[in-house]
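The same chain A turns up in both complexes below, where it pairs with chain B and then with chain C.
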Partner chain A sequence: MIRLALLIARKDLRIEWRSRVLVWQVAPFSVMALVVAGLAVGPDVAMGRRLAPGLLYLVTTFVALQVIARSHAAESSAGTATSVITLGLDGGAVYLGKVIALFTHLVIVTSALLVTGSVLFHIHIREVLVATPTLALSLAAIASSGVLYGALTKGSGSLLPVIALPALAPVLIAGERSLTAVIHGGPMARWVTLLGVMTVAYGAVGVLLYGAVEEN
Partner chain B sequence: MQRLISRSLGPLALATSVATIVMGLWVTPPDVVQGDLARLLYIHPALAWVALYLSFGTATVASALYLWPRTRSMTADRIAEAAVEVSTLFIALTLITGSIWGRPTWGVWWVWDARLTSTAVLGVFMLGILALRRANDDPAVRAKRSAVLALLTALNVPIVHFSVLWWKTLHQGATVFTDNRDIKIHGSMAWTLLLSFIALSLVFSWMVRTRYRIATESQSQRDRALDDAVAQRRQEGAQ
Partner chain C sequence: MPLASLHDAVVTAGHFPLLTGVTATFERGQVYVVTGPNGAGKTSLLRVMAGLEPLVRGRGQVLGYDLTSPQRRDVRRHVGWLGHEGSFYDELTVAENLEFAVRSTNGDLSRVPGALEVVGLSARRDVRAKNLSAGQRRRMGLAWLLIRRAELWLLDEPYASLDDDGRATLDEVLSVATSAGSTVVLTSHDPITASVPLSFLTLRGGAT
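Take a look at the complex of A and B:
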């Protein structure tokens, strides 16, 4: 199962590497979105630092939607989705592979966001490093749910935000709260637990049901 | 027996609803603290019970039955669809009645309270399931995808239920199922609250049953129209 998952992940990453849409289009868009958010907040340094966690996670959530849509569109246009279904591969392994690939895509885009965010909103490098595990867990939660929602809305892309945004809302809240805890202090354990539970729950449901969604 | 229950569902729902209104508005006394405003709470918790637990629970079970190959049938899909539609309506009513109660109590129509926000998020989820159903023409694809989405949404329900405990909240705590089993409602007020739960559960059952019958009849009409079109084409070919 793990071997098949890694093969699927490699396939998805290779498709992305060849097109480079993520690097040349999605990552610049995410940076621009954060800059525009900064303009909306204004030049107040204290205000910027206070709102930084929320803005970072808000932009991450919207960019994640783009990355999820992009990941499914790339596969459809390359015709590989049909091939994968025809091969009759284990749905759970395909799901895990796609989660790994999506997680990697999200890490790349979020890295650009973090660097920009730390400069624009005066977040210290130490705070960024402390927040990295929680951020990674947030991205894992987004990836584990995003693959499922992307598959469900295949063929009707405009539906993706409608059904995925409510699912990502707890990630947004927990991520924002945990980053706020790192920057400004406060309890963090419960938010990390929430993110962990979401990742595991979506992961389990995904392994069980992804095959059923894709067989249509 | 089944027919009798089925036929008496509507009248029973109507009778218990009227009884709840009469009890809630005229028989019960005003609350010591909240006055007449407390009368709204005879329907608000019952609406939330139907919206978040009864109808969504029905949709989840029906969706799971559809996804399980041995129990897969369009009956399960139609029940899930009906339950999701009713759930959407009841979530809207829960939020509206909560908002009407919240305005004089909290001074605003909406607060970013955990339970309110989570209920609203669940409402958006329900709209998503309905939108997903309308985006797929193939009945099998539609049924399967919406069943998966309903199960995914079920993951969100515990967040709704436990959010009061996880986040700091303005929402009123439990009145009946309290931690120390100290029931905070008594007499005619308690009976009216219980009656409202029964009434709205019956209303839910009647609505789901009616919606299911409409869906079944629509499908039969479509099948008949298709059979007629095929027969007509065959006749044209024979001539």
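Take a look at the complex of A and C:
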């Protein structure tokens, strides 16, 4: 299963790298969205630091929807979908592979967002480094749920947000609270636990059901 | 026992009937040509035989797998599929597409160069699929079938988009397949030029 998952992940990463859409379209869009948010907040440093976690996670979530839709689009042309199905691949392995690839895509985009956010909202590099494990866990939760919702909605650009946003809301809240805790202090353990539980739960459901979801 | 058989097979998409009663038998090592007007159910018949669509009524089996049960999905591992839509990842090269398919099915990578040679794509192995013509994409699909060596080949309009040279290649590939004992079921609106013996099955309104 791991071997096939890595094969799928490598294939997805290679496709994304060749198309350059993530680097030249999605990442710039995410940075611009954060810059616009920064302009809306204004020059108040304290206000910017207070709103930064929420804005970062909000933009990350919207960008994640784009990346999820793209991840599914590579498989969804009628011919490709049929051909892949007739390979008889294990659905759980395909799911894991796509989660690994989506997670990697999100790490790349979020890195650009963090650099932009640290400049715009005066977040110190030390705070970013401390928040990195929690951010990675948040992205893992988004990836593990996103691949499943991408399959459920067939990557539909209009249906995916309607279905996925409510499901991603707990990740958004837990991620924002944990980043706020890093920047401003406060309890973090419960939010990290929630992110971990969501990642594992969605991962387990995905491994078990992804094949059936894709089938139907 | 025949390689595949259908008896009064009915398939629907929602409430829309795709097949309304197909009865047919497919023997090993034969080439079957499914003909009929547009919308007659030719592609649907191939999809049923590939385990992609369930029978809602009637009986059917392919390689011993019951098409009325979830077991039908297991037949996919034994089927070579060539659709008319194009079947590959556009951003991957010819070789990368084939190697992905081979690796994901634990196949033999050493078959890739030979298959590309047979279909005349050796010189284009490093070209991305999106830069291939429709005929070249079809040849890439044929290369995959040669590599996979499936027991049952299901080809949807395989002659479409092929030039004379491509048609000759397809004819040669069909000969290789049947001489290796594979069964080929193909749909076509074009005259078949292959030198192998052909059996014809005509569909009208989703039925034989």
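Here is the rule we use: the second predicted complex is superposed on the first by the 206 of 216 C-alpha atoms of A that agree within 3 Å, B and C clash if a C-alpha of one lies under 4 Å from a C-alpha of the other, contacts with A are read in each partner's own complex, and residues count from 1 in each chain.
As a convention for this text, contacts are C-beta pairs under 8 Å (C-beta built on N, C-alpha and C of every residue); 3 or more make two chains touch, one makes a residue touch a chain.
Owing to the predicted nature of the structure, the values given are computational and were not obtained by experimental measurement.
K.L.:
Quick check on the superposed pair: does A:89 touch chain B, chain C, both, or neither? Answer first, second, both or neither.
P.N.:
A:89 sits against chain C, while chain B stays out of touch.
K.L.:
When the two structures are overlaid on chain A, which partner does A:213 contact: first (chain B), second (chain C), both, or neither?
P.N.:
first
K.L.:
Which partner chains sit in contact with A:14 here, chain B, chain C, both or neither? Use first/second/both/neither.
P.N.:
After superposing on A, A:14 lies in contact with chain C but is clear of chain B.
K.L.:
In the superposed arrangement, which partner chain does A:40 touch: chain B (first), chain C (second), both, or neither?
P.N.:
neither
K.L.:
Look at A:189 in the shared chain and tell me whether it touches chain B only, chain C only, both, or neither; answer first, second, both or neither.
P.N.:
Touch partners of A:189: none, neither chain B nor chain C.
K.L.:
Find the residues of chain A that appear in the contact set with chain B and again in the contact set with chain C.
P.N.:
In the superposed arrangement, which is not itself an observed complex, chain A uses no residue for both chain B and chain C.
K.L.:
Which bits of chain B are touching chain A when the two form their complex?
P.N.:
Touching chain A from chain B are residues 67, 121-122, 124-125, 127-129, 131-132, 135-136, 138, 140-141, 144-145, 148-149, 151-152, 155-156, 159, 166.
K.L.:
What part of chain A is in contact with chain C in the complex they form?
P.N.:
Answer in residue numbers: 4, 7-8, 11, 14-15, 18-19, 74, 77-80, 82-83, 85-89, 215.
K.L.:
Tell me, which parts of chain A touch chain B in their complex?
P.N.:
Interface residues on the chain A side: 145, 148-149, 152-153, 155-156, 159, 162-163, 165-167, 169-170, 190, 194, 198, 201-202, 205, 209, 212-213, 216.
K.L.:
For the complex, which residues does chain C have touching chain A?
P.N.:
So the residues of chain C in touch with chain A come to 47, 50, 52, 73-74, 76-77, 79-81, 83-89, 91-92, 96, 100-101, 103-105, 128.
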